[in-house]
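After this come two complexes, each holding chain A, first together with chain B and then together with chain C.
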Partner chain A sequence: MKQPKYLFNAGRMSRKDNTLKFTPVDEDGKEGTPRYLPIEQVGDLYVFGSLDANSALYNFLGQEGIAVHFFNYYEHYTGSFMPREYLLAGKMQVDQTKHYLAPKKRIEIARRFVEGAANNILRVLKYYENRTRSTPDCVDSTLLDAILTVERLLASVPTATDVPMLMGIEGNIRQTYYDTFDAIVGATFCLDGRSKRPPRNELNALISFGNMLCYTACLSTIYHTQLNPTISFLHEPGARRYSLALDIAEVFKPILVDRLIFRMINKRQLQPSDFRVEIGSCVMKEAARKRFVQGFDEQLKETIKHRVLGRSVSYRHLIKLECYKLQKHLLGVEEYRPFKAWW
Partner chain B sequence: MYVILVYDMGQKRVGKMLKLCRRYLNWIQNSVFEGEMTEVQLKELLHEAKRIMNEEEDSLILFKNRDQRWLEKQIVGQERQSTDNFL
Partner chain C sequence: MHTVTGSLIGMYHICKREMWLHANHIRMEHNSELVAEGKQLHEQAYPQRAERYREIILDGSKIDFYDPYDKVVHEIKKSDKLEHSHVAQVQFYLYLLRRNGVEGATGLIEYPKLRQTQTVRLEEEDVPMVETWVQDIERIVTSEQCPDRIAKSKCRSCSYFDFCYATEEP
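Let's turn to the complex of A and B:
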């Protein structure tokens, strides 16, 4: 059972006795008691604090196939240390590229991603619509309107003839979706339009941070399959980014990230005092960031009874199953159907 | 599977055993480890351990549990080392 480890404390990571030794360092530069992390149980390392490490460590991590994800002071994803690909498969690579190159085949897959995302968005909206309806004094119809709009947009997905057009529909769906955020958590936070790079207010900061966690989770899952993370279908495969992770994250963002945000805000686990507003941007404070990552980790560990497999699987594993389905589609074994939440 | 592992080794071998266990499980106290692991990992660990041990003198005891949930853990006094994922 490999588990990701999240490093918030500054310190030094080193290789010791063929396992990992982490020595925390406090603000005065004093070393704390070292802690050993069992190498066989480490999935990925998420580095939020400052980390000292040397090449011997990275050689060791590379050999063990452990990725390290780095985040900067402003909680932005800066990059990953990815070990050498170990599941190389030429046939897979060729098929993946072929599907990208043929516009017809490409849009087929791209449509599926949008479909999956829209369905999961609807699932979230319907849940909250149901909740607001049960409070009798509320006559707000924002959520209901949004559901109808998203459903209409979803119905127009098959008519999209090329990927930019599809991206347009996808953008409209997201826009409608984000417009409802105020109705769901408006009492504490207001979204006031989605803003990125940098996020302008608290809720935007949360969404950006959450999406990024989802993105890295997808990236490391893709790494453990034979898919190539740089060749994507919905997003344009640009240079210097792992865009397939963006495609897959699209499907999971509503259920993994947004639901977590709503839950944590409505339960008052996150409050305005947890944020620091700086000139033109907004960042989460250390403790809140830790709580949020903790919540995300628990969310990924949460299990559901899978309908087809007939056994319990964790949300993290669902991402992997999504990759497998995509592989099967690319190899022509079985058509890809996106994951749709049914609860 | 959730495992608690305790060992009692001769002085010469105790260091080796410590290093081996650190690779697979979380250290919680002298000669005591705990953590989640798979069947295969446990087999690997035991195979390695048997090579280190002198089975005439040393002992290694395993407590196995299907899931961490079924284990109630109570700590009296100091927790020497926590086992969570957040550092």
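Let's turn to the complex of A and C:
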């Protein structure tokens, strides 16, 4: 069973026969005990610490179809090493490109991504609305108002005739949504408006980091299908190199990232002391980052009973199913309907 | 152009959608594991056979185990039941041999799991039948349209199951 590996410590990675050898190196340059990872157990590598590696290693990883995702000191995703595409399918590529090139076809798919995101946002909002309502003498109507606004905006999605217009609606949905975060976790953290580059405070740092993890999880999944990750529909190709991962992540962020953030904060698994506020930006301390990545990883492994397939599937597999549905849409097999959380 | 292969013939007799997807290179990743498993089965069940049998390629299609001395096509299936599609696949190989001037070859499907074998023949009058399959396959795999799903219990064990059945309730 392949599993993603997260490397937090600095060290050197090399090939040792058919295993990966990781030798941690501490701040003084002293080598620790190496760890060996059999290649057939390794999914993608997520590199947070500094990594020494040579081309023999990358050749090996490429040959095994393993991607490496890099994050910098500020937990920003900085890029990926992607092995040569290995599941090429001419017809799939052509159909995907056709759907991007024809404005009518493109907007149809783009709308679905926004609808998917909005529906899952509503799920999150309704859950917390329910909880606050059961709290005695709570008079705050922030969540209820936001639900109504998001529902109204969602209803206007079909009226968007081009992508910029749709992006406008999407932006408003997100704005409305983020404005409720303070009401959800306000006692400990405060979002105080969304800021990205760099994130100004703790909650912003968490959202950015979580969104990156979601994006890379989508990217890894897309890579194991015949979809081309650079051709996207909602986001402009080129917004980031693998912009299709941005499209798909949109649908999953509320469920995979935001819920995790709220849960961890409300259970006090993340505290203000886990962050270091620097001039104009905010960084998660290493221990907290590990906890959060672990939480995210567990979230991806968690399973739910799929209503249509009639069996249990992991959250990670849900992303795969999303790719399949998109493929079917592009091949003209079945219209794409985005994943809608029902719990 | 798509080359008609033994596996396409097999799929043609099970599920045309599977055949179309496979021919258009939309394959499921874990297929490679199944393929590996199949290979292993060959090696485990018949470690000594490489000597006598040849891999031959006729009109672009590959026959894995052909015994030129006895003119027998061997096919090993890990399946736990005899299937019509296996017979069709071997009939196709016999057809290729016949078309390339080899008369009177026969086929033998071996089921190690069942400890059974099945003999396959292709008479002159069967040739048009195989030709119909080949033409039909060419027509289907070059078509824009992916064939419909089959609603069968077969799907449960098919590598495309999640692909075919992944959908959202409205």
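Keep in mind that, in the parts below, the second predicted complex is superposed on the first by the 341 of 343 C-alpha atoms of A that agree within 3 Å, B and C clash if a C-alpha of one lies under 4 Å from a C-alpha of the other, contacts with A are read in each partner's own complex, and residues count from 1 in each chain.
One rule holds for everything that comes next: a contact is a pair of C-beta atoms (placed from the backbone, for glycine too) under 8 Å apart; a residue touches a chain by one contact, two chains touch by 3 or more.
Note that this is a predicted model, so its numbers are computed, not measured.
In the superposed pair of complexes, A:Tyr127 makes contact with neither chain B nor chain C. Residue contacts after overlaying the shared chain place A:Asn9 against chain B, while chain C stays out of touching range. Once the two complexes are laid over each other on the shared chain, residue contacts for A:Leu321 go to chain C alone; chain B is not touched. By the touch criterion defined above, A:Phe81 lies against neither chain B nor chain C after alignment on the C-alpha atoms of chain A. Of the two partner chains, chain C is the only one that A:Leu309 touches; chain B does not reach it. Every residue of chain A that touches chain C in the complex is listed here, in rising order: 87-92, 224, 226, 307-309, 317, 320-321, 324-325, 327-328, 331-334, 337-340. On the chain C side of its complex with chain A, the touching residues are 24-27, 29, 144-146, 161-163, 165-170. Chain A makes touch with chain B in their complex at residues 1, 3-9, 11, 17-19, 22, 24, 35-36, 38-41, 290, 293-294, 297.
Taken in their complex, chain B has these residues touching chain A: 19, 22-27, 35-38, 41, 81, 85-87.
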